[in-house]
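Shown below is the structure under consideration.
Letters A, B, C, D and E mark the chains in the order given here, with residues in each chain numbered from 1 onward.
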Amino acid sequence: MPELMQFLLSGLTVGAVYALVALGFTIIYNASDVVNFAQGEFVMLGGMITVFAFDAGLPLPLAAAIAIAVTAAIGVALNKLAIGPARGAPVVSLIIITIGASIFIRGVTQLVFDKQLHRFPAFTGDDPIHILGATILPQSLWVIAGAVVVFVALWLFFTRTLTGKAVLATSNNRLAAQLVGINTNWVMTLSFALSAAIGALAGVLVTPITLTSYDLGIALALKGFAAAMLGGMGNPKGALVGGILLGLFEALTAGFLSSQYKDAVAFVVILAVLFAMPQGLFGRNSVNRV
Amino acid sequence: EIKIGATVSATGPASFLGDPEAKTLEMLVEEINAAGGVNGEQLKLVLYDDGGDPNKARTFATRLVEDDEVVAIIGGTTTGTTMSIIPVAEDSEVPFISLAGAIEIIDPVKHWVFKTPHTDRMACQKIFEDMKKRAITKIGVISGTDGFGASMHKQCVAVVGDYGIEIVADETYGPQDADMTPQLTNIKGAAGVQAVLNAGFGQGPSIVTRNYSQLAVGLPLYQSHGVASDGFIGLAGAKAAEGVRLPGTALLVAGILADGDPQKAVVTAYKTAYENKTGSAVSTFGGYAHDALHILVDAIGRAGSSEPAAIRDAIESTSGLVGTTGVVTMSAQDHLGLDLSAFRMLEIKDGGWTIVE
Amino acid sequence: MLTVEGLRSRYGRIEALHGIDLHIDSGEIVTIVGANGAGKTTLLRCLSGLQPISAGQIIFRGEALASTPAYKRLRRGLAQSPEGRQIFTNLSVEENLRLGAFLFADDRVERDMENAFQMFPILKEKRNLAAGGLSGGQQQMLAIARALMGRPSCLLLDEPSMGLAPILVQQIFDVVKSMRDLKVTVLLVEQNAFGALSVADRGYVMETGKITMEGPASELLADPRIREAYLGI
Amino acid sequence: MSLLSVEGLGIAFGGLRAVDDVSFSVNPGEIVSVIGPNGAGKTTLFNMISGVYMPKSGKVKLSGEEVTGFAPHLLARRGMSRTFQNLQIFQNMTVLENAISGFHLREKGSVFADLLGLPASRRRSRDAQAGARELLARVGLANAAELEAGNLSYGALKRLEIARALALDTKVLLLDEPAAGCNAVETEEIDHLIAEVAASGVAILLVEHDMKMVMRISNHIVVLDHGVKIAEGDPAAVARNPDVIAAYLGTQAQEASHADS
Amino acid sequence: MMRLTTKQTTLLVLALLIAATPFFFPSAFYFRVGSLLFVNGVAVLGIVILTGFAGQISLGHAGFAGIGAYASALAPAHLGLHPAFAAVLGAVLSAMIAYVVGRPILRLKGYYLAVASLGFGILVSMVLSNEAWLTGGPDGVAVADLGLRQALKKVGLELSAPQFWYFFCGLCLLIGAWLALNLYDSPTGRALRALHGSEIAASTVGVDVPRLKLQAFVISAVYASASGSLLALQNKFITPDVAGYMHSIELVTMAVLGGAGSVLGAILGAGILTLLPQVLTVFAEYEQVMLGLVMMLVMIFLREGLLPSLLRQFTGRGA
């Protein structure tokens, strides 16, 4: 059984990475119904900026804080300069804008930094922790903890605070949101800042495991997107569960079936789940009467 | 002015390889021009970034030939891009020096096509030779599913029998995967396994190495030439990378080469120039571009002409040219011109490279 | 209280309002009647800031509103129950009401909500259900209740009686009337011209983007042209 | 035989029995109205009859054939069409195209014919277009034909929906609050339209809160409250029914509607 | 009165552009870019039908391009089929797979459909790169020559390879556009646009919504497959990249950038994204930055896509 345990721990590690990325999607989605395809770039920026600040001699926590702040600012800029001006555009147009933004951010990053792979040391060393005959790196625990903390924070935000409700209201009916006095522009700014910050935090946490480079964002965004859809878009619970499940499917498939087709199996499972539950595991079934 | 064309994957999934190639080409052309050019003419480099997309590579190759009217093409960072450039070079009769690994590029020999890197088959052979010396007969293999990993995997499977070695576990990982412990757990659990070989490039091998140490597999780990750069040790972590062996070029160990080594001067010069110019460490891949350009320039010089056909013939008669990868001697039957001796078996010790033997 | 001067507004190339002048005094109930497509909804959207204006002025409590974004107009006291109801379908009934009082965080919110529930008991029954599941008429009640939660000094109602059962239509007009006691000014757009003119102080008639008649409600109610064109009598 | 008959139809949402054991029938040329307070289950009833919701119990029969839970397009083929309380307009099309869509069943042929633009396909399109223009004229939207549907006012959209529903070779027409958002005069025009359609032999099921209209044109009225049928009969009888007055009409409304008629 | 319909105008403009621009080509390379544009255009037309008309998003259409491409590569080698028939076989295969996959997938909506189709595309590209014994793996496989160019030579029409593929792909694009334009204004096209507007209303007027969506999916898959075949045949070499999700996203971007609901617009979008990388080579390092910038700016200022937005402004001022 230590093999199974190892597969599970591996799945949990990778799953937590996906979950963190997926959680980043939820806020912007909840505020605007847009899946922000630049979310992976936020993760990448979190990692890259930390790397370069750290290499420049800053202590790691400070480097990470700077990375998160800068990325949040970039998120706000993205909203102000690109998403905001396109207000009222069809959702597909907004998606293309976010894809354009992701290409743009990638391009700038490769100019400002470089195209190499990077990594900074794990927060609490590399000595594996033994659990039931299997091992896990301490950094994985950081990632898992990060995912759980972000999840709890988001869950509280959306269920317990009026601001959280204002975010939901903005995506549900922007017009009505304005009528009840919600400054929808501000909501969007807030959402982008939070999403970007969560993305950057994810980047800070996962870089010691996944390494980082200017083009790391695409793959992560794709997996995070898939995880979010599996769980049900917009629901923090879905993002967390979807991410972890996706990681577990991959690890178990790689362990027991075929490492070549592990991504394929993961997608087949997603397809099967969506077939039975078209809104994902926890997606809200929006009621629209006719 | 002599126009030389290049299309490399400076961005995209193979930018790890293509970026140093692009930088090397730019740097060397500048260097050569500063030193008076070739045959009294200045070189002009037309460089495109195909992003690793074979379709784009073909378009750029067409552009180089038809629009820029270059006399030769360097490039094709990956096997995929190379293979789609080949028809263009053959059709329009322009010599083409590829920077990709697969043996199919030059076997069978194509009239206009050459390449500088060792074939991945040679890397396999070098590794298996070393394993044989250590009396290893059962190994586990883990490879990336990208072109590099898959192609090397295929070649290794093809030649492994020649060395009396058996593959008892065979696993893969995606190029962007974050954790390979399940695959390594399976390899570790395979009956009788004595060593593990990882064919791959990019972040995969670093993560494999880290996971390998996390799982305390405790068997010799071989990496491919795909990770042959100083960066690898930093990414994998010196502790995890300790004892990892891989077939590398002289370039990686420029500092510790014996003084009499024929390559010492060339690799030291290139390494110093590159690192001064770009501020980042040299990698084997930049070395491929270095060699390609030097082969080309040497050929143009000997041909005394910048006619594509003349250049091609001169490339084919390259002899004893000292490059970073090895000493190149081509012939009509051999458009690579390297043998196994060009590879050195390296081992990571105390966070640095050492030469085994 | 509210003065509109020479208001024009367009959808792309097509002008929907060709210079509207009207005024509402504080505490007054004013109604606008007009045929389909006359521009009533467009006018209300201009007032609440959802629709850009191309010329003219809106002066509300002595201040020009033209450049005030929609979300700030509620702060000034202008609330709207819009056409098409525009409720938050994915949120619960209670959340809809709470968002109606988004600007306030005092005890009065709870009291206002109780009042709303008293006015429309069905909303209380459904308070925890998604608003999107409500019947058409229930959604209409929610839209009106939500507008009231914003504590308006001036209430813009776009066809509030639409889709309501007769018993409730009467109640809605009673609610409108009761606004008079609360010193809330009301601008009421209604297809039920009879009902609207019955409760209003004054009325305007709108035709194809222009005001064509105005006067005290009782006079309009008696005007044969109106009786023929809008009351069907 | 009645054209449409509903037997013991019921459905629940969560714990709420939105419609419970409702039965009635509609004959050709007849106008049957369903009235009841807000949330009584009228729209839900429509949704079950027209195949949007799957009933939990009971049967829907169309010309004697049981069609319970059939998909809407199968019902459309059998001659049922409807309008919606919450407008369902094809916003991305012109007014004319919206109306042409109503003729879908008549104009549709093979996809290949459409892809290749065969004369047959074009002829069918032309015929449908002619029919659609006629219908638009009938509901007073002839001038708006080329506009994008999204640009119409609410009342105009309401009429566009009716036009679209009339396009089919309809045998049973379900109208959910067709006069909402229309003033008394406009309502009367819709009245005439409905009466005309009924006179041509179509069975009409109508939900409407405008009592003047309902009383004027219905042959038969079914009253729902809390999902249950509480009364049924001809307009005069229903209007006098104390349960109906208490639950739905209200005393004042009663007076008002007498006062101005 | 001589008044051309939108359909005739579009086809005429397109045909003129294809025929006339070669007179301005300074070198054969431009034929290559032109033919790539047409190849992309063909695939994008499929997206127009699926996304522009029917409103269904697919992020997996490159999967069908991959099937078309590999059919052209493998059927001649393994089945001895003529490449032209291999392309047809690819289209048939794509249609069949689309039919099977489309049924479950198309029940999903919006982003859920997007992720499901994305998964499908990834599955295809994975099979193509993992089953190396058949497909040559990630490094790709060579494709047989179509032979049409040689045949033309026999009748005295001598064309260089880029020239031949330019006109051949141009012709294919014209045919594709003609079909798509026919569809737009046909009963089926209207029904597709209707279900885009409201599925419920569409079904109450008799539209068999699931079936029609499936038809659109199959048709668009055939377009993608044809595009893949053309690419494989002209490159004579194909790698699994053709089926990769980047290619899928690129196709959707082309369509939306130019205007997903408009045939000419989408082709314009294909043109821009095909030409842009060639133009941007002068910016070398800044290429990505510029590409991202262009995408954002177009969508911000011309939100319905280039062509529809420009037309709207144009007619807006004209009237």
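Simple rule for what comes next: a residue touches a chain if its C-beta (ideal position, glycine included) is under 8 Å from a C-beta of that chain, and two chains touch if they have at least 3 such contacts.
These are the chains along with the protein names UniProt gives them: A = Branched-chain amino acid ABC transporter permease; C, D = ABC transporter ATP-binding protein; E = ABC transporter permease.
Quick caveat: nothing in here was measured; it's all calculated off a predicted structure.
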| item | value |
| --- | --- |
| Chain hops separating subunit C from subunit B, counting only touching neighbours | 2 |
| For subunit C, the least number of touch steps when starting out from subunit A | 1 |
| Chain of greatest Cα-centre distance to subunit D | B |
| Chain at maximum distance from subunit E (ABC transporter permease), centres defined as averaged CA atoms | C |
| Where subunit C and subunit D are represented by their mean Cα positions, the distance between them in whole Å | 28 |
| Computed distance of Cα centres, subunit D from subunit B, in Å | 73 |
| Centre-to-centre distance between subunit E (ABC transporter permease) and subunit A (centres being mean Cα positions), rounded to whole Å | 31 |
| Centroid spacing, where centroids are CA-atom means, of subunit A and subunit D in whole angstrom | 47 |
| Sites on subunit E (ABC transporter permease) at which at least two other chains make contact | 130, 200, 287-288 |
| Sites on subunit D at which at least two other chains make contact | 43, 52, 84-86, 88 |
| Shared interface positions of subunit C, touching two or more other chains | 133-136 |
| In the complex, subunit A residues that touch subunit C | 162, 165-166, 168-169, 172-173, 175-184, 284, 286-289 |
| In the complex, subunit E (ABC transporter permease) residues that touch subunit A | 51, 57, 104-105, 107-109, 111-112, 114-116, 118-120, 122-123, 126-127, 130, 200, 245-246, 249, 252-253, 256-257, 260, 285-296, 299-300, 303-305 |
| Residues on subunit D engaged by subunit A in the complex (per definition of touch) | 43, 47, 52, 84-86, 88 |
| Complex contacts: residues of subunit E (ABC transporter permease) adjacent to subunit D | 178-179, 181-183, 185-191, 193-194, 196-198, 200-209, 215, 219, 261 |
| Interfacial residue positions of subunit D with respect to subunit E (ABC transporter permease) in the complex | 50-52, 71-73, 75-77, 81-82, 84, 88-93, 97-98, 100-102, 104-105, 107-109, 111, 113-117, 121-122, 124-125, 128, 164-165, 167-168 |
